[in-house]
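Two complexes, one shared chain (subunit A), two partners (subunit B, subunit C).
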Partner chain A sequence: MFQYWLIWPAVLVILLIGLFPILYTLMVSFQNINMLEEDRSFSGFMHYAALFRDLRLWQALGHTLIFTCIALPLELLLGLAMALLFVDRMPGRQVFVALLVLPTVISPIIAGATWRLLFDNRFGPINQILGWLTGEPQAVLWLVNPNFVYPAILLAEIWQWTPFMFLLLLAGLANVDPSQLEAAEIDGAGWWRTFFQIVLPAIRPVLAIALLIRGLDLFRLFDVVWALTKGGPGTMTETISIYAYVQGFQQFETSYTAAIAVLIIVLLSILVVAALKRMEIAR
Partner chain B sequence: MISRRAVNGGLAVLAALALAGPAFAQSAADKAVEAAKQYSGTTITIVWEAGLQSLDPLNFSGPKWKELTGIDVKVVEVPTAEMFTKILQEHRAGTGAYDALNVIPSWMSDLARAGALEPLDAYVDKYGYRDELQEIAPVYRDNQMKVGDTIYGFPDDGDVFVFYYRKDILEENGLKVPTTWAEFAETAQKLTDKYAPEMYGAAFFRDAPYAQFMFQERFRVEGGKFFDPETMKATVNSEAGVKAFTEMRAENKFMPPGVETWGFVENLAAFLAGDTAMTLSWPPYGRWAAGYGTDQEALNWVPKSTVAGKVGYALPPGGHPQLAAGFSLSVSASSKNKEAAYLFIQWLNSKDISLQRVQLPYALRDPFRASHFESAEYKSRWPEAPEYLSALQQGAVSGLLDLSLIQTDKYEEALRQGISRLWAGEDPKAILDDVAAQWDAVTEKVGVEEQKAAYADWAGKPNAYPSK
Partner chain C sequence: MSAMTAPASSWQRRERIRLAWRYLGAVLVTAFFVFPIYWLVMISFKTPAEIFASPPTWYPASLQFANYAVLFKDGDAVTVWNSLVVAGVSTAAAMLLGTMAAYSIARFRTGGDNLAIWIISQRMAPPIVIVFPVFLFYVWLGWVDTFLGLIVLYTAFNLPYVIWMMRGYIEDIPLELEESALVDGCTRLAVLWQVVFPMARAGLFATAVFTFVFAWNDFIFALVLTRTNVTTFPVQVTHYFGGQSNFWAKIAAMSTLGTLPIFVAVALLQRYLVRGISLGAVKG
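Coming up: the complex of A and B.
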């Protein structure tokens, strides 16, 4: 029994910070709490039924998927390319790696605010550079024009988080067995064949973890979009996290927001379990 | 014949009146200070808008109050967009962390309904503040102080949109100050055609949170009504709404490129730099354009005005400026120092102290009392100050109230989204149909009858819609 007494403080902490908020959120989602009123009555599945009728919620989910489906492969490919470039020892490698990783240490909201300045149509350097290239002043409304707003957000997002992929994949590549690479070279295997048949299988677990972490991050995407567009124009770039924030902290729909949170938890749990199974790293 | 006893009695009454005289003449500020001395050594916490606004209690009123009463003032700075949330969250948590509050008047009914604001009538009577309250300009006093018949806040900021124009440029081109939106468009287009890109005919802040105030104003100037009072169906998508939206977008063509993203500062910088000939904004633009107080450290971010002495002040085209936002001073219902908090806001809002506060160049509080508009001291602050105060005073007569209902922000949120879609190029009618549908959904959720009563209360105020 003694060993169980030793672990109970840790179990208690996990229950308090992990399970309790989830259970409490679940409970709130079945109530009728709105910060503007005192009502705490039981509302059954009312908020869950409302979720299915809420077009804006499903649009926000769609926007989140668009960001995830575009940013995740691009970050992966760019991160992998950079990692392959830096895997071999070269002069100044450590300095370059440190510089490349800098964007990930910046707070995303600060990164978003900085990109907002870069995209400024009047004083922003991006339009200025475009002006130099085209030979006439450019006033592209990056954060207003529906044609540019997604590329602008994706650019900021990919700029910030590709280095994270790079770092993980660099670590993965560094652990590829050099004797296998050497053997392949001796056997006359080309670069692509070596990559697909030796390197890629070797870094697959790292790749899977990197994809999972970034996929989850992208599903929770908030800061950069909030700083750049606040989900606009209209609700065109509103992600599920922004929608939940607006409902909870601007519209004060506490119980409805709890129902959204439960929906997100369920969706993410399904995705994570499926991904882990597929990647065979759950074991 | 008058008896000696009667004479003695009369003299005694006169003597008593003479002694009581100074007490009767005591100002509301003095009364507040005298009463507050019993709380010396305590601290009161006040929520104030972050940034320049809060320099008033930090640099001026807070230290002065401490000196007079011994009460410390702790200022909690909160960005405007978060003030409502913070106040409500604190109230729900019941921590008593805030004693006094700055409340945007259109939120007052929501906060009062939620029980977050302390009714002030009893305090007002106890500390003899009714007479001085009456001296607040009627548009603020009658519309931004009460919910139902109960006082929940003291109007403390004469926020109103003022039209600023370059007198020299209009004169040079033989143009009149536009009094209708059609004249405005014509004048601005002419100036843009002649001077752009060095100078554009006009610019406004177009960022949705600001532009929604402009829409509210123009929609009503065009004869629009927000709701059908019988059914509470939204009528924001009426012809007036579509006209206002269509014109607002068309105006962007004679404004500087990218004006769709401009906020308060971008628009200010352009006007002070002489890049635009006409604009519309809150009163501080007028003071800073004249260079009033801009040499102070707190205002070192304000671009140096290149247009001082050349700026005229007028009511916006249509003649009914939006009384956009504004602030009232309230006491938190969960405060543990309600009496001291009340005395502080009475003192701040009093005739004597508020006159000093509205003249602080950095604090953004704008004149809101008859005595402010007529103050000889204020009129002497810069050569055009009398003209400036006159424009503010006119605005305080014909100004239009922000829409205020139950859960107002949900209606404003739909409008803000609509405006950002407008700048993105969507069809004005389609956008407004969506906005109206969202408004109807909010009304349904709040309760049609309940909202109908709230709207009737708001629409019944003299400055809800332009007088015919």
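Coming up: the complex of A and C.
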């Protein structure tokens, strides 16, 4: 009995917030509620059919995929390079690592706000530094110009989360069996061969976890984009989370947003299952 | 003898050159990652003339605290207090309920693997998907823009994390200690209180700090579920972005005010950092 007394309060709270509202959303998605009317009768798959005709929704999904497919590999490679740089002992290493952690623990919305100040075309240092490098004053409108808005958001995103990859991979590298590395050195294996044949297989589980956590985070990308552009210019950088927010809390399309939420849950479940399967196979 | 030392010293020199290159790399990388934070903090100490200088100045002539004073005078700083209350109370609640549940799962295998996996899967849903139904639910309950509403949501959102992490920390405690306490006539609850909690103290502390940071840093839940009464500091910062002009000094001062506590908290648990952010998967 004791074991159930311990667990039921937690399960109850999770159900209250995790399960009950999602079932309620499922119900609302079959009704017709928006700013103008509140029709609670069953209206079938009307909103789900509308999802497929909604170009802006699929574009938002596309933007999310662009962010994910560019940021995830870059964060991984940069984080790995940094981990390799710091894996061997060097005096003062702890200080460097402690400083490198900082971006990852800042609130993402604050990170976005910070980069918005940095990207300012007149009072920000980025155009100033670019001016030094190019030898002439620069006034790039980073967050308005369609050519630069993606690189700008990606830079902020990569700045914040590369240290996350770095920390995990540094821990992974530190756990590689040193006797194997010594054996490789005695056998005369070069750096690249040692890396691909011993180090990489050894850190594979850590790599998989880091990619899974960051991949899920990127799929729900909201804060940084919201702080920098709110999805603009136009809807150019709108992610799926931002689009759902706009539909639900600015357009008040309650039932339609419920359908979007259900779509996101379904897509995410497929992604997670596929990712877990792949990781099983890779192992 | 000299034939022996010559290659050794050239090896030493190569090592020293390698170390110098590594230091150069380390300094450049660290500069890139610290610079935005440096810039933010510097703006919070600048005068308006220094903030709106073009080209920008890289440091203020003297440290001005006026930007912070304004936050306290206008009452904006109360949003930091709101964040503290909401994150603090929800952390305490999640730690209490979560550690109990974690003990049940770790020691009695309650619910088997399925329950544990279901619990952690709750953590993977995008916040917008969680908060939209919760908002509809809260409108019905009258919980929108109340401390209670936000605290309950953060407690529920953080519970899976606490359960998952504490399960790991509790499994690290040797079972013999608990068994001998039971043999000595302790009740189950006394074992939990006198053996398990003290043994898991470091894990409890680390998990509590991360739980606090998640609630403290959250934006989207607070954006949706608060209006004017329970505004948290991240939401307040976004209010300073205007259509035409931004309140730079306030953005920087409020952001710094809300970020420095996090830096202090995280500095205290360097050892548990990796385990905490990797959901316990990497033990560091």
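By our rule, the second predicted complex is superposed on the first by the 261 of 283 C-alpha atoms of A that agree within 3 Å, B and C clash if a C-alpha of one lies under 4 Å from a C-alpha of the other, contacts with A are read in each partner's own complex, and residues count from 1 in each chain.
Here is the rule we use: a contact is a pair of C-beta atoms (placed from the backbone, for glycine too) under 8 Å apart; a residue touches a chain by one contact, two chains touch by 3 or more.
As the structure is a prediction and not an experimental result, all values here were calculated from the model.
Looking at the shared chain after the overlay, A:R122 reaches both subunit B and subunit C.
After overlaying the two complexes on the shared chain, residue contacts for A:V246 are found with subunit B alone; subunit C is out of touch.
Look at A:P103: by the touch rule set out above, it reaches subunit C but stays clear of subunit B.
Of the two partner chains, subunit B is the only one that A:E37 touches; subunit C does not reach it. In the superposition on chain A, A:V13 makes contact with subunit C only, not with subunit B. By the touch criterion stated above, A:A261 is placed in contact with subunit C alone, subunit B being left untouched.
Once chain A of one complex is fitted onto chain A of the other, the partner contacts of A:P146 are limited to subunit B, with no touch recorded for subunit C.
Number of subunit A residues touched is higher for C, counting subunit B against subunit C. Within subunit A, the residues touching subunit B in one complex and subunit C in the other are 122, 249.
For subunit B in complex with subunit A, the touching residues are 85, 88-89, 92, 110, 113-115, 208, 256-258, 260-261, 266, 407, 409-410, 413, 417-418, 420-421, 423-426, 431.
Here subunit A touches subunit B in the complex through residues 35-38, 120-122, 137, 139, 141, 143-146, 232-236, 246, 249-252, going by the rule given at the top. Across the interface of their complex, subunit C is touched by residues 2-4, 6-7, 9-11, 13-14, 16-18, 20-22, 24-25, 28, 82, 85-86, 88, 90, 94, 96, 98-111, 113-118, 122-125, 128, 131, 159, 162-164, 167-168, 170-172, 205-206, 209-210, 213, 216, 219-220, 222-223, 226-227, 241, 244-245, 248-249, 254, 257-258, 261, 264-265, 268, 272 of subunit A. Note for the complex: subunit C touches subunit A at residues 19, 22-23, 25-26, 29-30, 32-34, 36-37, 39-40, 43, 51-56, 58, 97-98, 100-101, 103-105, 107-108, 110-111, 119, 121-122, 124-130, 132-137, 152-153, 155-157, 159-160, 163, 188, 213, 216-220, 224, 234, 237-238, 241, 246, 248, 251-252, 255, 258-259, 262-263, 266-267, 270, 273-274, 277-279, 281-284.
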